[in-house]
Amino acid sequence: MTFDTIGIITKRSDPKALKATEDLTTWLQRRGHTVTVTEEVGRAANVTDRTVTRPQEEIAHGQDLMIVIGGDGTFIAAARIIDAHSTPLLGINRGRLGFLTEIPTDTMFADLEDVLAGRYRIEDRMMLSVSVVRDGNVIYRRRALNDAVVHIGALARMLEFVVAIDDQFVFRSRADGLIVATPTGSTAYALSAGGPIMHPALDAILLVPVCPHTLTNRPIAVPGDGCVEINVMPQDVSQLLTLDGQQGCSLQEEDRILIRRSVHSLKVLHSPNKNHYDVLRRKLSWGEIPENDIPPLGQPIRK
Amino acid sequence: MTFDTIGIITKRSDPKALKATEDLTTWLQRRGHTVTVTEEVGRAANVTDRTVTRPQEEIAHGQDLMIVIGGDGTFIAAARIIDAHSTPLLGINRGRLGFLTEIPTDTMFADLEDVLAGRYRIEDRMMLSVSVVRDGNVIYRRRALNDAVVHIGALARMLEFVVAIDDQFVFRSRADGLIVATPTGSTAYALSAGGPIMHPALDAILLVPVCPHTLTNRPIAVPGDGCVEINVMPQDVSQLLTLDGQQGCSLQEEDRILIRRSVHSLKVLHSPNKNHYDVLRRKLSWGEIPENDIPPLGQPIRK
Amino acid sequence: MTFDTIGIITKRSDPKALKATEDLTTWLQRRGHTVTVTEEVGRAANVTDRTVTRPQEEIAHGQDLMIVIGGDGTFIAAARIIDAHSTPLLGINRGRLGFLTEIPTDTMFADLEDVLAGRYRIEDRMMLSVSVVRDGNVIYRRRALNDAVVHIGALARMLEFVVAIDDQFVFRSRADGLIVATPTGSTAYALSAGGPIMHPALDAILLVPVCPHTLTNRPIAVPGDGCVEINVMPQDVSQLLTLDGQQGCSLQEEDRILIRRSVHSLKVLHSPNKNHYDVLRRKLSWGEIPENDIPPLGQPIRK
Amino acid sequence: MTFDTIGIITKRSDPKALKATEDLTTWLQRRGHTVTVTEEVGRAANVTDRTVTRPQEEIAHGQDLMIVIGGDGTFIAAARIIDAHSTPLLGINRGRLGFLTEIPTDTMFADLEDVLAGRYRIEDRMMLSVSVVRDGNVIYRRRALNDAVVHIGALARMLEFVVAIDDQFVFRSRADGLIVATPTGSTAYALSAGGPIMHPALDAILLVPVCPHTLTNRPIAVPGDGCVEINVMPQDVSQLLTLDGQQGCSLQEEDRILIRRSVHSLKVLHSPNKNHYDVLRRKLSWGEIPENDIPPLGQPIRK
C-alpha cells in the first residue's frame, strides 16, 4: 500500500497541534503526497495554499491514510466521522503519550518515515453499534470506539436497569450507571470504574457497572458477537445514553438500548516501534519497581 | 431515663409503616406514654384522636424518644429534622432489615418492651456539618448523617477538584465525584464506590473518590476533627453538592465546600439484642460459607 | 450422538455423592446404558456387580459420556484425567449449585432424561497447557482447566516476576502471586483476587496479579492464542506453580514458565434448562434487589 | 527537649546507609552530641573511635533520640527493638522516599539542623500487641508497627477463620489471609490487598481480608481500643502469623490470636518541612493530572 493521498484531522483549538499540522504538511508535500484538510484547519494552520480542502464529513473519501493530530479525544471523534470508509488512521499526539495517539510530535518524522516506507502494522479495532429503539422504531443509531454508558442525569439517583445478552436475562441491578465498552475502551472510563484491561485484539464486549448497589456485581466480558440489551426502569428523572463521552441521547421509559459489534471496524495504523504493552506500561506507570528494602536483622520483609 | 413522651415519624407513603404506626400508638398509650405525630401522619394512620399533633419541624421538641418507622431513608431524613434537639432516635423497619432501622415490625413490641424497661444502649453517631462559601459568605449550611457528595450534573464529564485538610493540600484529582462520609455513611454510597466499612464509633471522616482518573487514588480516612475543604475547578457544566442523597446545592466557580464534624451528634438508641456486627453480617450476607469441596484424588484444592 | 457407554467419576469421600452414584447407575442400566466406574467407587457405592470397572487413568477410554458426581473440585480433577479423550463431561452436584456441576442431584433424573434424549448443548472450554522449562528442558507439563498460579511458598514474602506475551515484555512486578486463568477459571480464584468475569466462550487468557505492589497493575485479558511467559526473580525462599489449586511444581531460579491454550479443549455438556448467566446470577446472589426506600419528604434518595 | 545523646541504627548491608552513618556521626559530634551505635555498625561505618557502642537490644537506653538510616524495613525493625523505651525515632532514607523514612540523605543535614534546633513535631504511632494463646497459655507475644497477618503456609489453600471483636462474633470467612493493620500499616501490605489509607493519627484498627471467598467481605476499620480475636479452623497444613512481614509464629489448631493496641506507642519525630499528605502524594504519584484533551468538535469528552 502506498499512501499517495493523506488527510489530516487536527485539534483546531490547540496551537501545538496546528503547528505540527503545518510542519507535517510541508514535509509530506516535499515527498510528493497530496494532503487534504478541512477549510477551518487549513486556515488555522496556514496550509490552505498547499492542500486540498474538504468538508469534515467527506474528508476521508478517497484518502489512503488519515493522520489525526491531537489527543485521544480527537482520535475518537475522528473515528466516528470516518469509520465507514475503511481508511486507516494514524494518531500523533501533540503533547503526552495517548493510548491511541502513540506517536509524539517529537519523533513524528522518524516514525512516519518508517510508516511511509511500508514498515507498519495495521490493527482492526472493534467498534460498537448502538441503537435506541422506542415504540418499535430505531430513533438513534451511532458507532462508538470506546464505550456506551447508560447513566442518570440527575442528582444522587441510582439507575435501575435490566441487562440481557442474546435474549438471555443476565441481571437486574441498581448502580450509578453501566458502561459497555470495547477492548479499546477498557483503558478509558471502564478502567476508572474498576474494569480489567482487555487487549484490543480480543473479540469481546465488556460490561462494567459503576458503583453497583449489589457488591457482587463485577465487570463481565462477553463474546464480541453477542447482542447486549439494556432496559432502564421508569424514573422521574432523566436517563442518558452517552457514546465515547462525546455524544448523547436522552432516554425515555420503555426504551430499549441495543449494543453490538459494528460491522465496520476501525483500521489503526501503528509504527513498528510501538507495541501495545509498551504503551500500557508507560501510560499506567508500571515501570517503577521500588528498590528492595531489607531490614538489618536479616529477616524477610514485605515492604 | 424514662420515655414518657414519644414522637413517631413515619414514612407516609408506605401503608405497612402507617399500620405499624397505628398499632404502636395504641400499644404505647396503653402503657401510659404520650404519643406525638405530625397532622398528616395522624390522619393517614388514623391516630389523630389518640395523639398530640405537631408540625414536622417541631415534632422532636420536648420528646424523650423519637421512633422512626420506615426505612433507612426515612431515618436519615428524620435525623436532619431533629438532630439539634438531642432526643434519641430508634428505627423500626416496616420491611427488611436496615442499617439504621434494625428493629423489624415483626418483633417491635418485644424489642420496645426491653427498651422501655431500660435495656438499651445509646450510641452517638457523628454527623457532618457542610457549608458552601461563596465570595466570603456562607450561602448554604446543612447537616448530613451519611455523606456529602460533590459531583457533576452532566453528561459524561469529570469533576476536577482539589482537596485540602486542615489547610494542607492533599490532592488534586479528576473523578466522577468525591464522597465525604461519616462512619455511618461508610455502608451507604461510599461502599458502592469501593470504600471500607467504618465502625460507627470511630471518630473519622472518610473520603472516597468515585471512578478516579488516577488509579492510585484510594479511599482515605482522616481524623474526625479535621476540616475537609474541596474546591472544584471551573467547568462549563453544573457541579452539585448532595447531602445524604436527599438535599442538594448547585455549585459555582470558586465556591469553597467546607466539611467537618457537626458539634451535634445523633443519639441512636439500640435494642440490647442487636450489635453492629450482626447487622453488617446480615445486610452483606457474610453468613454463607460454601461447603468445602475436596476433589477425589486427595489433593488440596482452592475452590 | 447416543450415549451407550457412560463413565461415572465420583467424589469418593462424600456419602451423598456415592448414594447418587448408586441411584444413577441403577437408573441408567434400566435404560440400557453400560456404566463404568473405578474399582474403588464401585465398591464404595455398591455397584460393582452392575458396572464395568477400570483404573482411573483409563476410565474415559471408549466412553460416550462421562458424568462427574461431586463438586466443582471433583469436576476439575476429572478434567485433568480425561481431557485428551474428547469425551464430553456432565457435572452433577451432590449438594449446592456449582459453576461446573450445575445439575443438582434433586433434579438429575429429569435433567438426564433431556440429555439422553438429545436435548443438550455442548460447550468447548479452553484449557491451559502449562510448562516449566529448566536449563532448556521441559521438566513439567500439565493441563489446567481453571488457572495456573505462581506464588511464594513462604512467610510474608513477595514474588518478583517478569511477564512477557509472545516475546513482548509486558511488565515486571512484585506481588503475592500471579494468576493466569481461563475464562472458566475467571469465577474461581481470579474472582477473589479482583478479576472480571469472562464468558466461557471467550478465546482469552486472563492475568490477575494477587495483591500487587504497584497499585496500577490491573487484571488484563489477552488473546487466547498468545503465549504467556513468566520468569521469577531469584529468591532465597521457595516459589511455586500451582494448577487448579490441586497440582504443584517447585520452581527454581531461572525457570521459565510457559502458559498457552491447550490444543485440547474440554467438552462440557449442559442441560438445555441452564444457561451460563443463570448460574452466575445464582452463585453470586445477583438476584436480590432491595426494595426502594423513599423518604417521607419527597426528595430523591440514594439508598 | 535537647538531644544530647543520639543513637543511630543503620541498615548494615547497605553501603550508602553506612556512608551516611559515617558522615552523620562526624557532623553530630562536631555539634557536641554523643553518638551511640552497635559494634557491628561502628566497625562497618568506621566510626568506632568516635562513638559509644552498645548491643542492639540496649542501644536505645538513655538516648534522647534514635536516628534510623535505611529504608522503611529498617525503621520497622528498629521500632520493635526500642518501642518500650519511649525514645523518639527519626528516619533517614538512604535512597528513595519512604513512608517512615521521609528525610533523604541528600537533605539530611539541613533537615536535622531544624530538628536539633527544636523545629520538629512528634507523632504517636499506634502499635499492635499481638498474642497467641495455646491451651490457656500465652505462647507468643510481640509488638507490630504495621500489621499482623494470619495466612496459610502452603500451596493454594484457603485459610478458614472466625473473627470476633470485643467478644462479639464478626464473621467467619475463607480467604488467602487476614491482615490486621495499624493506620501506619494501612499504606503497606493492606493497601496492596485493597484496604483504604488511614491517617496515622486515627485511633483505629484495620482488618483487610486477602482474596476473600465471599465477595462482599470488605476492609473494615474498628475502634482502636477493641480487642480483635482470630481463631483459625483446623487444617492439615501449617497456618502462620507474621508480624510486619518480619517475624513469624506457627499456629496450631485451637490457637487464639489476640490483637489489640499496645500500651506503648511509637514516638516518631518529623521534620517540620514534611506533612503526611505530601508523603502520600509523592509515594502514590497522585501529582500527575494529565492535560485535558478536548476533541475538535467542541463536545465534552471524558478522557
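As written, the chains take the letters A, B, C and D, and residue 1 is the first residue of each chain.
Basically, contacts are C-beta pairs under 8 Å (C-beta built on N, C-alpha and C of every residue); 3 or more make two chains touch, one makes a residue touch a chain.
Everything quoted here is computed from the prediction, not taken from an experiment.
On a Cα centroid basis, the chain most remote from chain D in this structure is A.
Between A-D and A-B, more contacting C-beta pairs join the chains of A-D. Averaged Cα coordinates give chain A a centre that lies 43 Å from the centre of chain D.
Measuring from the averaged C-alpha position of chain A to that of chain C gives a distance of 34 Å.
Averaged Cα coordinates give chain A a centre that lies 39 Å from the centre of chain B.
Shared contact sites, meaning residues of chain C that touch two or more other chains, fall at 154-157, 189, 191, 213, 215-216, 218, 245-246, 284-285, 290, 300-303.
Note for the complex: chain B touches chain A at residues 149, 151, 153-157, 175-176, 189, 191-194, 210-213, 215, 240, 242, 245-246, 248, 284.
Of all the residues in chain B, the ones that touch chain C in their complex are 9-13, 70-74, 76-77, 95-96, 98, 146, 188-189, 215-216, 218, 244-247, 285, 290-291, 293-297, 299-303. The residues of chain C lying in touch with chain A in their complex are 154-158, 160, 165, 168-174, 191, 195-199, 201-204, 206, 213-214, 216-223, 226, 236-237, 275, 277-278, 280-281, 284-290, 300-303.
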